[in-house]
Amino acid sequence: MAALRVGVIGASGYSGAVATRLLAAHPFARLVGCTSDKLAGRLVGRELGCRLPSLEGLEFQPNADAHRVAAESDAVLLATSAEVSAKLAPELVGHGKVVIDLSGAFRLGDPAAYPAWYGFEHPAPSLLPAHYGLPELFGAPPAGTKLVANPGCYPTASLLPLAPLLREGLIEPAGLVIDAKSGVTGAGRQAKEEYSFGEVDEDLRAYKVLSHQHSPEITAILSRFRPSKLTFTAHLLPIRRGLLATAYARPTAQATPERLRACLADAYAGKPFVEVVTPHEVTVKSVAGTNLARVAVTANDDVVIAIGVIDNLLKGAAGQAVQNLNLAFGFPETAGLDALHRLAA
Amino acid sequence: MAALRVGVIGASGYSGAVATRLLAAHPFARLVGCTSDKLAGRLVGRELGCRLPSLEGLEFQPNADAHRVAAESDAVLLATSAEVSAKLAPELVGHGKVVIDLSGAFRLGDPAAYPAWYGFEHPAPSLLPAHYGLPELFGAPPAGTKLVANPGCYPTASLLPLAPLLREGLIEPAGLVIDAKSGVTGAGRQAKEEYSFGEVDEDLRAYKVLSHQHSPEITAILSRFRPSKLTFTAHLLPIRRGLLATAYARPTAQATPERLRACLADAYAGKPFVEVVTPHEVTVKSVAGTNLARVAVTANDDVVIAIGVIDNLLKGAAGQAVQNLNLAFGFPETAGLDALHRLAA
Amino acid sequence: MAALRVGVIGASGYSGAVATRLLAAHPFARLVGCTSDKLAGRLVGRELGCRLPSLEGLEFQPNADAHRVAAESDAVLLATSAEVSAKLAPELVGHGKVVIDLSGAFRLGDPAAYPAWYGFEHPAPSLLPAHYGLPELFGAPPAGTKLVANPGCYPTASLLPLAPLLREGLIEPAGLVIDAKSGVTGAGRQAKEEYSFGEVDEDLRAYKVLSHQHSPEITAILSRFRPSKLTFTAHLLPIRRGLLATAYARPTAQATPERLRACLADAYAGKPFVEVVTPHEVTVKSVAGTNLARVAVTANDDVVIAIGVIDNLLKGAAGQAVQNLNLAFGFPETAGLDALHRLAA
Amino acid sequence: MAALRVGVIGASGYSGAVATRLLAAHPFARLVGCTSDKLAGRLVGRELGCRLPSLEGLEFQPNADAHRVAAESDAVLLATSAEVSAKLAPELVGHGKVVIDLSGAFRLGDPAAYPAWYGFEHPAPSLLPAHYGLPELFGAPPAGTKLVANPGCYPTASLLPLAPLLREGLIEPAGLVIDAKSGVTGAGRQAKEEYSFGEVDEDLRAYKVLSHQHSPEITAILSRFRPSKLTFTAHLLPIRRGLLATAYARPTAQATPERLRACLADAYAGKPFVEVVTPHEVTVKSVAGTNLARVAVTANDDVVIAIGVIDNLLKGAAGQAVQNLNLAFGFPETAGLDALHRLAA
């Protein structure tokens, strides 16, 4: 079987670089090209510190060559800004490519939401919403899917612990609170004083309070199970990789700690990338470097606490994109992802 | 006026060392002694890296000398474990000393709560609860107060943004959620693998979920304003100092963003150690090194978000203890605390 | 061809865990077992956060089973303390196993040096020195080699930039200075206050000044090229992984910046794991996560500065051990190591 | 006695902010104004998180008001870039002000060195070199001194351990090696990707190898004792504050470990800001937050290792500037500096 030909657009950001590296090691895919204005002309393997034979001689191409890279590809990963993705994805889909978009450009269903949350008028409303690529909740993209919206990092860490509980009627769909904390790579490479080491180190802060663009995404996806109302808050952690979400909900009458745990255990039985554990095992270091999510739930009479943790660059971005690619093309779900491991080990 | 004579018991822990340094620079107090088994016989100024004349020649004494230090003191700060404080404080109070206890030994009103939350039978139930030393909410200790329970770090950061809103009836007293994050000095000096740099660095985790001893403390204090029910979660941050609490409540009918902000502004007008700011200004680095708390509130129709941040060793421990000492003895509230400043600056 | 059967003894330390993970992904090796008292009975894949099929069902065995693991293995990696390795390696070699020892037990040639530098009388002086497994300098283990002493992390980072310059007579062999800085995983997992986050974070210090056990190792290996005298200093960095050595030497008459650079370039031409770069490219983040070393040299009339950087757990320990395994058994040098990549990417 | 009137120009950089805070708490000085374009119009006390009465109502003024601030001052601290200081200092001196310049603008004796090391033609060569304000080596500024060049951070940490040994003839003046490591605040506030948290965290690198502008400064000052030749290398540490220099020299015939230690002990006997300790006590955390330097020396037959550590913002910048101010105006050397203490405590 000929390898699937894949390209990466925007390969010098944190997520794009990780996606490039994963594809270079993928057993069934062949990386045909990747673009980055910043690194154009430089050797990919050298920049990634990676000796894979598949990278030998491969150079970053300028972003202007995105269509040329796509032309040689069966599938394209977009690690571009939402505004760039919103324009580029329809073109590539139009040329028959399967597109997995890591931005928020196709995650929301309502085009009218884009000016407020993303700051631009959506150029391709007919594509909204694209298939939402959270495989543990929504499975493989349906046959013929041309565009996958890869979930946001905060939504991934939040939905995995919450959605099964909501689906099973164990938590109330209103009054949900999600308090999330992310490492700085979630914000991409930055040349701003506020992201300088001197400012971030030994600090913590909430940001975009009541105005984070992942809030409508989480609400919309949860509401597919039951119409939901929630509050979402993001915090910036002085770590490089990792994202932990602590969620609070009111239990329904049938919720007991045992049923809650059983619900998550059942939901993720046989899922290779979700581990159901106890709350104190939901640690950034247990998943950083992997495509794993860890989730846990506990409760008393008044509250259900559900916690999720992921590596924001892997299960929260590039790793999940490869997982979606695998499912879209019928590869084993873990292909190209099974050798990942904890950085801490 | 002769200086107030003060002693510190347990001066080599993080909080005890900070308390010792603050008293050494206090304009109206004289540090007569401080104890530490670990540092016994060593020069205090040398260990603190401090050249204050008041420290010249002063040595740490063994903890066994606690009573001797107390005998020469008018007031004693206990930076000891709750179990040690519970035994020591009644003895010192019995000798007529004013005791400010930094542990949890006298914060809860119900002696029956101690075995479950603190692991010991309380030896002096008649002293419970002691005056709860959160001056911005409860003012100066009443005349004749002999024992002040210095608030916990999590309660301080949580109560300051929440209590005025609750008191004014702007938030519902049930269903409160407090999601808090603390630097590692909050756990004291530790020689455990789980607190080693290799484990904590680049990590984040929740701990003691639904079982943290600060939970009943916060509930009890809030309930003085209105009977309250809340969920409290603590997380361990990879920073040394600083604690941020993000609290979520349901607004009452009369709550508007403006009224909420005005409520905090009114509550803390003229209070030297609380700054009412906007949510994005509630950052660890804006208060680390100071006795300041920063608080902010924002809201929409469904939720009120109130955030507080402190330096856990200062406003969350030793700084607040000195503030209580000032108020107990009629000194200006900021005495010995006004030269503190942001570490970041 | 049947896969090479390999075991790892001491698999829960930082290096042992990394070695275990590398072997689990190795294309020509099969991990038959790994031991750890701490993790005995727990699933290896779960602990490493790794979904490799080769780990399915594999559990850590107690260290007491080391001989049983070895009995099923063709080769054994010892990630044990020097004292344990010194006893265990001769036994395994006696049973015909190829042993790659990650400790210092067989790196020094003179048994009399062990009490002073390692604190024990060497039990197997006839095995000293074992083949020193720094492949870029000493090539593959000679045919029939049963025991490979895997180099120390500091020696690896120091020897790679210095040895070629010394060999070619471009630097004076006396008066060498090596100032090295290592992340905390170099010290292994620790439950001591001095390694706690509160102490190491935001700190730097030199340690074991003039008494570090890697000093005689570096001297002895350099002296194989020319009898050398050097000063080595280790510093503890507040990072998890990575080690950078800055070396200073006097240039000989024939040294010019161009010749120095050419010397390193020639020495490492075609070597897959050493990159010769400019000094400002010798950064921890350029190699952390990889088996790469980066080296650079610059000079003026008075001094030659040669810098090397590695990931202390990979090229400084487990990665180099796999590289030695590859060479000992005739596999491609990069087998099992080529998918490694920068953590930062 | 009327308080000395002092102004700070450039008060929003890391050093300028610290200088401002120190002067606000100084017992004999009165902060009459401080300038910062970035913070112009904002309250100084608020920005510093400081409740000192001396800051009440004081606002940052724009840098364009520098002369106006100076007009009201007896002494002015310049926390400006070397190029700005080089122009401003002569003007202020011309108006009879005592100027303490924290930049490198007046540290070198040879105006011809400025284009190469600082990138500009020196506008006031007749002022070169200004009094070099390292009090432990050169005492108080001579009577009538109008311009003090406050030493660089690297030179301070390097000269304190080395100069006495050189002066006493215990180390050879040629072939000196200084390997230094600094926290990021040494580079000032930065909005560059290379200083972002994502890049600096968990990294280490050497920079400006063989081209750092502090190299000629150290050489020139050491050469006042004996003509010296040295190699200086700077490294960027992932910490906020602190700078450690490890220096290597060849011992002269009369050097013994005892004499070396006695030399430092004698040199700094009675000096309030230098502690002579053992090498393992020379840690960043022992001095961060203080105006202290710690120095240590050890040796064997071949090498003398002398180590120094400071807080780069205090003894390496603002703290030493206040120390110089004290000495220039006859205040006690520790005035305004004695309440400083370890951040770690």
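By written order: A, B, C and D. Residues from 1 in each chain.
The working rule: a residue touches a chain if its C-beta (ideal position, glycine included) is under 8 Å from a C-beta of that chain, and two chains touch if they have at least 3 such contacts.
Keep in mind the model is a prediction, meaning the values are calculated, not measured.
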item	value
Most widely separated chain from chain B, with each centre as the mean of CA atoms	C
Approximate Å spacing (C-alpha centroids) for the pair chain A, chain C	36
Distance from chain C to chain B - Cα centre to Cα centre, in angstrom	47
Distance between the centres, which are taken as Cα means, of chain B and chain A, whole angstrom	39
Residues of chain B whose C-beta touches two or more other chains	14, 198-199, 202, 238-240, 343-344
Graph class of chain-chain contacts, one of line, ring, star, complete, other	complete
Interface residues, chain C side, partner chain B - complex	14, 184-185, 189-193, 195-202, 238-240
Parts of chain C lying in touch with chain A, wherever the complex brings them together	14, 17-18, 21, 25, 46-53, 202, 240, 272-273, 275, 286-287, 289-290, 292, 334, 337-345
Chain D - residues contacting chain C, complex	175, 177, 179, 181, 183, 198-199, 202-207, 209-210, 229, 231, 233, 235, 237-242, 244, 246, 248, 250, 279-280, 282-285, 288, 298-300, 302-303, 305, 307, 309, 343-344
